[in-house]
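Pasting a structure here, questions to come.
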Amino acid sequence: MATMSKLKWGMIGGGEGSQIGPAHRLGALADGHFAFAAGALDHRPDVGREYGQRLGLDADRSYGDWTEMLSGEKAREDRIDLVTVATPNATHFEITKAFLEAGFNVLCEKPMTMTVEEGEEIVKVAEKSGKICAVNYCYSAYPMVRQARAMVRNGELGKVRLVVTNFSHGHHGDATDADNPRVRWRYDPAMAGVSGQFADCGIHALHMASFICDDEVKTLSADFASTIPSRELEDDAMVNFRMEGGTVGRLWTSSVAIGRQHGFDIQVFGETGGLRWASEQPNQLIYTPVGGRTQVIEKGEGGLYEDAQRLSRVAIAHPEGFPLAVANIYCDLADAIRGENRDGLPNAAAGVRSMAAVHTAVESAKDGGAWLDARPSIFR
Amino acid sequence: MATMSKLKWGMIGGGEGSQIGPAHRLGALADGHFAFAAGALDHRPDVGREYGQRLGLDADRSYGDWTEMLSGEKAREDRIDLVTVATPNATHFEITKAFLEAGFNVLCEKPMTMTVEEGEEIVKVAEKSGKICAVNYCYSAYPMVRQARAMVRNGELGKVRLVVTNFSHGHHGDATDADNPRVRWRYDPAMAGVSGQFADCGIHALHMASFICDDEVKTLSADFASTIPSRELEDDAMVNFRMEGGTVGRLWTSSVAIGRQHGFDIQVFGETGGLRWASEQPNQLIYTPVGGRTQVIEKGEGGLYEDAQRLSRVAIAHPEGFPLAVANIYCDLADAIRGENRDGLPNAAAGVRSMAAVHTAVESAKDGGAWLDARPSIFR
Amino acid sequence: MATMSKLKWGMIGGGEGSQIGPAHRLGALADGHFAFAAGALDHRPDVGREYGQRLGLDADRSYGDWTEMLSGEKAREDRIDLVTVATPNATHFEITKAFLEAGFNVLCEKPMTMTVEEGEEIVKVAEKSGKICAVNYCYSAYPMVRQARAMVRNGELGKVRLVVTNFSHGHHGDATDADNPRVRWRYDPAMAGVSGQFADCGIHALHMASFICDDEVKTLSADFASTIPSRELEDDAMVNFRMEGGTVGRLWTSSVAIGRQHGFDIQVFGETGGLRWASEQPNQLIYTPVGGRTQVIEKGEGGLYEDAQRLSRVAIAHPEGFPLAVANIYCDLADAIRGENRDGLPNAAAGVRSMAAVHTAVESAKDGGAWLDARPSIFR
Amino acid sequence: MATMSKLKWGMIGGGEGSQIGPAHRLGALADGHFAFAAGALDHRPDVGREYGQRLGLDADRSYGDWTEMLSGEKAREDRIDLVTVATPNATHFEITKAFLEAGFNVLCEKPMTMTVEEGEEIVKVAEKSGKICAVNYCYSAYPMVRQARAMVRNGELGKVRLVVTNFSHGHHGDATDADNPRVRWRYDPAMAGVSGQFADCGIHALHMASFICDDEVKTLSADFASTIPSRELEDDAMVNFRMEGGTVGRLWTSSVAIGRQHGFDIQVFGETGGLRWASEQPNQLIYTPVGGRTQVIEKGEGGLYEDAQRLSRVAIAHPEGFPLAVANIYCDLADAIRGENRDGLPNAAAGVRSMAAVHTAVESAKDGGAWLDARPSIFR
């Protein structure tokens, strides 16, 4: 619970019945950093206005759509300090750009944009605006992920040789359910874009690899498969990559891995040690020094790095889960808005790098696994 | 996020720097059911008043002590709907009683009282008041604990024969740290009362056994040990018990089990199946039907019982942890205040039964493990 | 594979179709220490003689019964070096005694005897004979159990405060199968003696506690239950105990713990660390130094104690299982016969202490959990 | 323990101090199917002869080298029924071929040959001879691996879409130990051939994928890395593949994955379910039916397929480990020699397919991950 006066927060999207709305509201409000001050919560203006007021917004700040909200908030002295963009993917670019240009800090859901070009534009707009543009790669805000990154940064693994990550589940593995609209759209280019499972889940794993290794993907080679034949986009992918610093990367993602519920894990192997973290047991980090015994590092134990300590709320071995990882993004945002250095926040550069990786992987997979440069042109 | 207007919530205790204050505020506010409206947060009136205002309380509802808060809130039309009592243990009885008598709903931290007699009085006062008196046995609000209870209630295990539970950690296992005041008081009768580890942790396990089995402890036999000799109260205890319905119970609790971080688990064995739940992996329930294979029941899977569904926020295999178990207590409280039947809420009866079990175990341990009636006299 | 000439080995019991016969033959022969030289394998003389010859015994050493084998072997120059007694429980005493008195080394299946008095007699006979009398507490021969004992002996845990062990399965949890003769006899005093599950499985756990702690049980208090009402003997038991050196002990054993397949584990907590070993993952030992991180000690890693190294055959992380734990007993027997000090071998003293614990626990459970001296009179 | 007269077994290689010698002797002798009858155990004739006699071989069957053993055994009426070839890799081809041509059954250590051409020749020689030529892919003889294969064969997973397997350890991850001769040779083409880690460990995983899926690798694309720069051959590899039936395959193998002790696991995903098996917990198979809960299939439970039952020795949840997986190969060999159909035995075709996969992966990795036909020409 913050002891300074609360920051004002607004949200676009996340209407009644969505899962993403409650997740962001819990995240923003859990630790008392933000007050919910404005919103345009539904694509149906009246529905959104009414719902916002039920959630406690003042009538004049429960807007009918994002353009109305943009002009309304711009005109106020007590304008919101942060806006969360949780609308359908194809609208992220336009809304994020407009709010940044108007001088608002933005948290954008992933994917930040649909194309690399749009992403590059956001990077430039954000830079020019001097405002925060964060992307919700919320897994990176788990305390023990931050611990992992700090260990790498502090040289505890030596030079990182190899990173291996998986994000594989089986929830789209039932072919008899493949026409279910809730599932089908993800494999339909008209709705999902150029990539299915890699863009949906794999990209979290790729971000995590860069995040923990504190390095960026340089080249990649991909193998995509549609194991359910009716699918146009891939439901299983393997991506090999190399990072700028030479680290070898391996990433497997699947949505047909029946029995894996949420199999997101990452292993990092360096000259002097190895690490393992898994999202289904997020409060432990498994560490092995070269030549030594495997150890369990527990969230809350003594001597953790600052980020890992700061983003944990309860004592050792009391688990904290996914909703509070989202809340940790908001903790960092509150601090950053107040002027702290929170370089753990995934930014627009991370957003465009992901988009470039998706497009490059699609191209590589079509070209028999050719090794291609995966960087946005602005980062080459 | 609730869509009705928010309930008003107040808190006594939980001042700046405490761990319990943020935990309750997160719990109460995370899902949008409550607005933080009043508080008496510190035993130093000025400090508490100032801190409350920093947390956003109006000046006239940031009180100097609980008596001031009681009279202040009683006098208001818009009085709080719920007060949380998170003060030192010895004060729980007095405050809880006073607020119940004044017609407030109360959530009391455990232990509800220090003696059985006080506990019996709270039961009577609560009954007479018609108000809710809940006790914060928050582990019972994990979704998969609710699933376990529902499975037992619906006969999925048949008659329950046996329940085995442990709550053992090693955080007080360092004799060189035994004089640390943060540790020592727990083993000092002047401060902790009649029991150390059993009253501190074991009682959560005993409540859990009753809660899942939907039955009550009738008799018990205890073996206590102070494995660090300087301790007057036990740091390790084994309690065998029998429930009203004949179920055999076994409970081990320890604070010197070096290597166990938070080893709270429970196993329930019935005529037609067995269950296992562990607080370090709270989102899974392990189930074995007699003669069949062991299965993993996942939070968020299809077909769970209503309580387990309702108290989960995110999709299958996205972990939810301890702070949201506390939040679940508040979800149930909000619903109960609004008139829903939420019989999963631990109540004053649970509070006094725990106290009776503690006092009976102490007596049994002194008497060489004699089997004694563990029920408060009002429930015999 | 030994490189000295093989020792000669004989077996009583373990006829065709038994599980125990192949287990002992594999154990004795796996590492090449013994040659199978004599046997009386079946209670039906002709059947046993024929089966022994099929297994490769010479006709004159495939005996009809144990008395014939005793006189036959006594008369030979090339008499067997070791005899294994794997007959029904009630006959162990008589056969073991006779072979010891005739100057043979004996490996007796557990229980060594049915009464404490018989057990005490075996201790005396063994001592007088100067021969080895081992009892097949084979779990104690897992490499990582030996590592645990060596760590305790070498003070790596400091003084041991607490030992907690479970041996609980659910294979007798189906009441509809309770009359199955294969199950029923275990709970029938006419066939099983004074105790059911505690004598059958619990006693392995009690032996393990003494073995690893390098100490002996002094007093105990027991709680027995027949959770399936038709059973005369207990199918679930809790035994609290104190060791000679003051260590507190807790032992739970059950045969109705549905879902536990073979839940034999042990935790040892000392002043400066804790250990955990489980029979379902026998190749790892979990160790936590006080104030430090939990570590995994792997069979085959560098720096293990001599016993743990010697009794492992394959490289790190290649699992070795139960049959080779039995084989390890035979490795130690071969070495001991050849004059090595193999004090890890469970001996007649261990056998009679177990029997005394069983009888004491039965008495204590009948007497409401009274604390009783659990030592055989010769060890008081 | 077999009840028929024993088969006669001989061994080439596996001299004193080797690890492979005791492993094969235990495997061959554990279950009583074979008697150790002949051997040429050391490349130093006198040493081998002497050692063989110490192990109990008759002087005239403890040979100085394999050519002497070949002519000696050919000349005998009571010639050996099976010879195991456990010599250095480069000699496997010559010895295996010679014994097959002379009419002996052979168990050859992996790799069966160094080149694909040699492998194809062995296939032809074996076929012509009518004798058994088995290759020691012993992981495939674990009971629960056999269960997995039987489940696939019986359609329990539907059509297999995807197989994902890893064989990764960190035992060569210490760069300061890279010049240790015991490690270095594996990455030196002069000694190891064309491939390092993939040929050493990855090939077990590739065989396992084919074995369980009951299908063969058709094409592959590889990415190799030498993460320790001084290494000429790869210490980390990713191989994507497609099977004849269309199954997508993914295989990661590494020797620098610090913290993984022996990380060999496999996941198989089909239309109607998924399976997971791991060599460090070999006695369980994890199974999830589509839309259902994850289940644990235990070695020894009722209703397993015949192969899984037959190759298990002790009751449910008593672990059996690696040495007995080798013994299972010998069980199958004994049965096959006696005329049973034991099609689980890895044969010469499996041996040459592995070799073709190694050479193809090397070529693909050099060619930027090009997709290449991985089949030996005789199987195209």
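For clarity, chains are labelled A, B, C and D in written order, and residue numbers in each chain start from 1.
Assume a residue touches a chain if its C-beta (ideal position, glycine included) is under 8 Å from a C-beta of that chain, and two chains touch if they have at least 3 such contacts.
Chain identities (UniProt): A, B, C, D = Glucose--fructose oxidoreductase.
Every value quoted in this text rests on a predicted model; they were computed, and no experiment measured them.
*Asks:* Most remote chain relative to chain D, going by C-alpha centroids?
*Replies:* B
*Asks:* If you match contact pairs by residue number, which of A-B, C-D or B-D shares over half of them with A-C?
*Replies:* Within A-B, C-D or B-D, the interface duplicating A-C belongs to B-D.
*Asks:* I want to compare two interfaces, B-D and A-D. Which one has more contacting C-beta pairs?
*Replies:* By number of C-beta pairs in contact, A-D is the larger.
*Asks:* With chain centres defined as C-alpha means, what is the inter-centre distance between chain C and chain D in Å?
*Replies:* 35
*Asks:* So, what's the distance in Å between the C-alpha centres of chain D and chain A?
*Replies:* That pair's centroid distance is 43 Å.
*Asks:* With chain centres defined as C-alpha means, what is the inter-centre distance between chain B and chain D in Å?
*Replies:* 55
*Asks:* Do you know which chain A residues sit against two or more other chains?
*Replies:* In chain A, the residues touching two or more other chains are 294, 298.
*Asks:* Looking at the complex, which residues from chain A come into contact with chain B?
*Replies:* Chain A residues touching chain B: 1, 3-6, 16, 19, 21-23, 25-26, 29-32, 35, 51, 54-56, 169, 171, 261-262, 279-283, 298, 313-324.
*Asks:* In the complex formed with chain B, which residues of chain C make contact?
*Replies:* 161-162, 164, 168, 170, 173-175, 221, 223, 225, 227-228, 236, 238, 240, 248, 250, 252, 254, 256-260, 267, 269-271, 273-276, 286-291, 294, 368-371
*Asks:* With touch defined as at the start, can you tell me which chain A residues reach chain C in the complex?
*Replies:* Where chain A meets chain C, its residues are 293-298, 301.
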